[in-house]
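Should a chain be cited, it is by its letter among A, B, C and D, assigned in written order, with residues numbered from 1 in that chain.
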């Protein structure tokens, strides 16, 4: 029986050999490719429509002005990949700025000490929320929403007014511009953001932690049965997000040179949006940190387009952002679908 | 450790004594003993819901037992989680595929124990890839380790799960129904590996509902019935009939229900006619005819396109070519809702993802398709729902505390019966069953076969997909054979196994 | 920089970044600037920040990248402008602030500020209460409830500060409750409802940080069976249309003007900057206090 | 999980304890009692001018829009969706209604009021249809699909209103949000009507079963022939419709429509209400009654903050603290670990 079966099998299995050959294009990366391509197309359109749009500094400004969003979004990517959500990021940023400003301006701390404290506080705060979520099986949405209230509340408690910072070290770093040739420059924050993205990519794709995050997002019960450290990883994910938020808070402090409880209002939604636009599934388990960077750039590009347009009233601005988002996401879906069909993957 | 089957009593590796486990009023296990020995394959047998999976979950720390003790090589252990069990050297494949569909095959094989580069501590993807190839090779599984696991059908996923368990160098290997989705060839590959491991002195626990498989590999058999231990036997000393009797608790006619002689006098109405039905990358254009009152068996190897054909007929995938006529009328199906409205039914292959709705009760799962067919306005009264649910719970012997129990809490085989019941309840014109007996015990299987034949006798057309050749030959009036995603030919029901294999092989 | 206008001269390009369109006041402010700029033949690049400082900084950066001739903006908050203003200065683009001030270490980063003084508005409201309101004489303590604007926002902080400063002079006047109404009618009404229930009818004065909250609160007072403007004296700030209607109906006692019509003054300032004329660091906008008695008379002349 | 669901053989106090609505209800009760203790007048009800008057009435009336939106949100979430555009839809509907009614003081209504209300609701439903189509047809993730309307929607509302707050001067319109029927706010009757409608739709037709099936396993529901796509679109339409209804109540209550601020952050409150009521955001388990309780809890929290007179700077801290307490109280795991009664659970938790 076996011999017979064997011959039947080999006869039928010409196709089964095929997957072993490396394909030219891995459909896994399709969404990412489409997103990048659309970004390029959109930038090109802007270049045609508006004079000076494609100048390198405008493109660099995308990074400079969105550095903090980028950093927060890297942390958020991990949270979303693990199937959770973190609404506290904007508030943690605000809290960090106020804390830094208060410590440096009012208490006379050295900025580096203050930054170290802020980063560790952010991490601990995230971990605490993660612990609540993991230990008591609370829904991440509520926990981090309460975390958002708490962090903003704490920020206003420290100071209702905004606090300007004029510590020489802080201002020096804030004004620092790193030349990238041709008279164009990047800020330190932008550099930190790029580093964060690079670190995020490595963390997500080349470490056990990263792969466990994906596994949890794909199926928590399976991850448990596979013997993965689900509890520790989940807490670490929120701690990471807390750290990223605090880091973004530091960057915002440099960006604005002030601490203010109303900084980064509604940033959590932007962060979630860029992660999702970058191709990460909100339900967890799928997506790329690199996609998040593209998502950030797309959102920045939309705003830049509108700023260059310069004739829109307040309401048309909103409508235009909506329409551009819609266009982008629709095209993303359409291209993905048709490419998928021609590639023959289900 | 020495090679070869060891004499009884030697080197107890894992010993469970007096295990008890209750779930909200139901006793799933009561005073169960189990003893795994080095270099032995131990089969755990029992009907659906007998407590096999529960026992395994207790052994591996997924569930905490209410009573009883565990010993690993004489040392008492109490694994509190699967991680701990793994660290103790117990490697497990659970009944439902418990891997992550969103990770690649290689990652699923190595998650939790990725090889790392020495200098950076990062995952060494090259060696992950290399080692996965080796592991898959061992099971003769030719799949791309870089593709996402979810892209492969359950059968392949099950093989991957097995490969993962094999990859851990463990003392104890536990396999809960590893062969339910596999065809004979894959089973052979698996058994070859199991024998090799046995030789290396590993203790293996093996659950299956296929008696031949039990006798093919196991040295010893423990039978559970209703959560109690019926006994432990040496496989060689236990005849087939005695094993069945031990599981079922009564003598059972071993003779399978025979296909009724073709009732040629009954005029058979054409129910469904497919011409050139196909879809790029899934199925070459295929013709198929189904008449009322007949059972059409669909044979072929794994991945030969049987599932695809059924899905196209049901409108679950959109056909790109060809026409479909139902009851003589040309139709275009826009989705399952359409198909259901036309009186078709498809009991899908993948029970976990496409079958059960875990949170819903047994009752709700059973009436779901029927209700969908009636539409949202013609709501089945609660009494009618209860009636239908009870009827099928009795008819198929679904073991459940009540019809209001969430389906998630049922044993695997009983979940499968619920999905089957859902489709039987719609009383369709054409019933398509894709591997409907997966994970179902022998007694229930016979009942299901009888039910199918009974339905066919009432004039229903049945399309029956199964990896089990005997089963297929037993119920089918005709057998269509798929090969390489096209129909290779059709055979009359009475033909022998050989004829079918020849067609499968394309000779 | 700049484009040729039909007359042949260089057309001035103004980049203006507005906070948003969060209130009628703001919309009037935007309208005023747009129309004044258009009349003057200045080309406007308008950008709306949706109430976010980040967006505003981005907009300023893009103005710099587009090399506009003059930048004007109404800052969302006071602090945090240092970096981007330096960039503007480095690009030789003069900056004019409207409506709100900024805190910067170096005054030369902007040319001038055209705008109201929120602290002074708070003071004016308090002064009216102490000097002209029906409660000014008497011996009974005066119980005041305060509806604050958005917590932490500059107008809320400053108006509260100014009000407190003046009211402190007379110990009879006491703020017994203070809560944020987020500058909106709905919140104003909701908070006032809670105040009325908690304090019963012992509230003498309502001080609202803007007219919208006062209008909401008036509804709450009416629904509680009291007479706004009589049983409870109501003071608010902004002087928008709705406030005048309420005053004419006798439901609001007084509103302190906060003038949004900065357009003409902005245009003057732009011309001055272009021609190199010196400008004061602060151009104060004309603002008055309107009472019920003046309401009917002034109302027809109100444009917002 | 298994323990809490078992229907058989338990005494009624245990059953009550195990009932999913027990903890939300208890929380609400504790909040109200706590308030009553702090502030004796809090729970008092008076009869004034032909209707009931008091904090409880205010809470009900204020919570009505949130309850409506939460109900819609619950159903969308039950089917594994999310709608963050509810605030914007509320603003659109309020603006449309206000714009059609408007007119000056004493000038009556520009267009007949029923027409205005119908138009507002229709526009809201259209918004829902749009959301539903983006999610179901275009296959966009719910949060992005509705983000689009969330951003653009307020713009559209402002476009209609010209950036002004539209004041309404037509007294009959005030009835929806301010009127009283049988001594109770009319808005409560609107809520009751919607609840009744939902009850019938979900329990007297198969829709309830279908929604739960879609939420539990969308693919399985689809394979079973459930018209999952049509139902999902329908749920988005309903959600937007309920937001539209809430828009009518809100604009009627403050006699104006503020395109920029109406329903600001409503989506967060609604999702919070839904979660506090015991609905899982990941789909599968939902409770409409729970969402109603959740919305009432949130409104009670807000009113509490206003009436105990905390300084506004610490509003958020108080709110955070209360939310933490509420959700910990509701967490079975927290209660278990507090009691330390339950058997030591395996670290991995139970299998599903």
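The rule we apply is simple: a contact is a pair of C-beta atoms (placed from the backbone, for glycine too) under 8 Å apart; a residue touches a chain by one contact, two chains touch by 3 or more.
Here the structure is a predicted model, which means the values were calculated and not measured.
Participant: Cα centroid separation between chain B and chain C, in whole Å?
Facilitator: 71
Participant: How far is the middle of chain A from the middle of chain D, if each middle is the mean of its Cα atoms, in Å?
Facilitator: Computed from C-alpha means, the inter-chain centre distance equals 30 Å.
Participant: Quick one: chain A and chain B, Cα centre-to-centre, how many Å?
Facilitator: Roughly 41 Å separates the two chain centres.
Participant: Averaging over Cα atoms per chain, report the distance between chain C and chain D in Å.
Facilitator: Once rounded, the distance between the two centres reads 34 Å.
Participant: At least two partner chains per residue is the criterion; list those residues in chain D.
Facilitator: Touching at least two other chains: 158, 163, 313, 315, 347-348, 351-352.
Participant: Could you list the positions in chain A whose residues touch two or more of the other chains?
Facilitator: Within chain A, residues 156, 160, 221, 224-225, 313-315, 317-318 contact more than one other chain.
Participant: Check each residue of chain B and list the ones that touch at least two other chains.
Facilitator: In chain B, the residues touching two or more other chains are 62, 81-83.
Participant: Draw the chains as dots and join the ones that touch; what shape do you get: line, ring, star, complete or other?
Facilitator: other
Participant: Let me know each pair of chains that touch one another.
Facilitator: So the chains that touch one another pair up as A-B, A-C, A-D, B-D, C-D.
Participant: Write out the stretch or stretches of chain C touching chain D in their complex.
Facilitator: Touching chain D from chain C are residues 20-24, 26-27, 30, 148, 151, 177-180, 182-186, 189-191, 193-195, 197-198, 200, 212, 215-216, 219, 223-225, 242, 245.
Participant: Inside the complex, what are the residues of chain B that reach chain D?
Facilitator: Listed in rising order, the residues are 23-25, 57, 61-64, 80-83, 316, 335-337, 339-341, 346, 348, 353-360, 364, 367-369, 371-380, 401-402, 404, 406, 408-409, 422.
Participant: For chain C, which residues count as touching chain A in their complex?
Facilitator: Touch residues, chain C against chain A: 15, 18, 20-21, 27, 30, 44-48, 50-55, 57-59, 61-63, 65-67, 77-83, 86, 103-105, 150-153, 157.
Participant: Which of the residues in chain D come into contact with chain A in the complex?
Facilitator: 80, 82, 84, 134, 138-145, 147-149, 151-159, 163, 259, 268, 271-272, 275-276, 280-282, 313-321, 323-324, 327-328, 331-334, 337, 347-349, 351-352
Participant: Where on chain D is chain B touching in the complex?
Facilitator: Per the touch definition, chain D meets chain B at residues 2-3, 5-9, 204-207, 209-210, 212-213, 215-217, 219-227, 229, 284-285, 343-348, 350-352.
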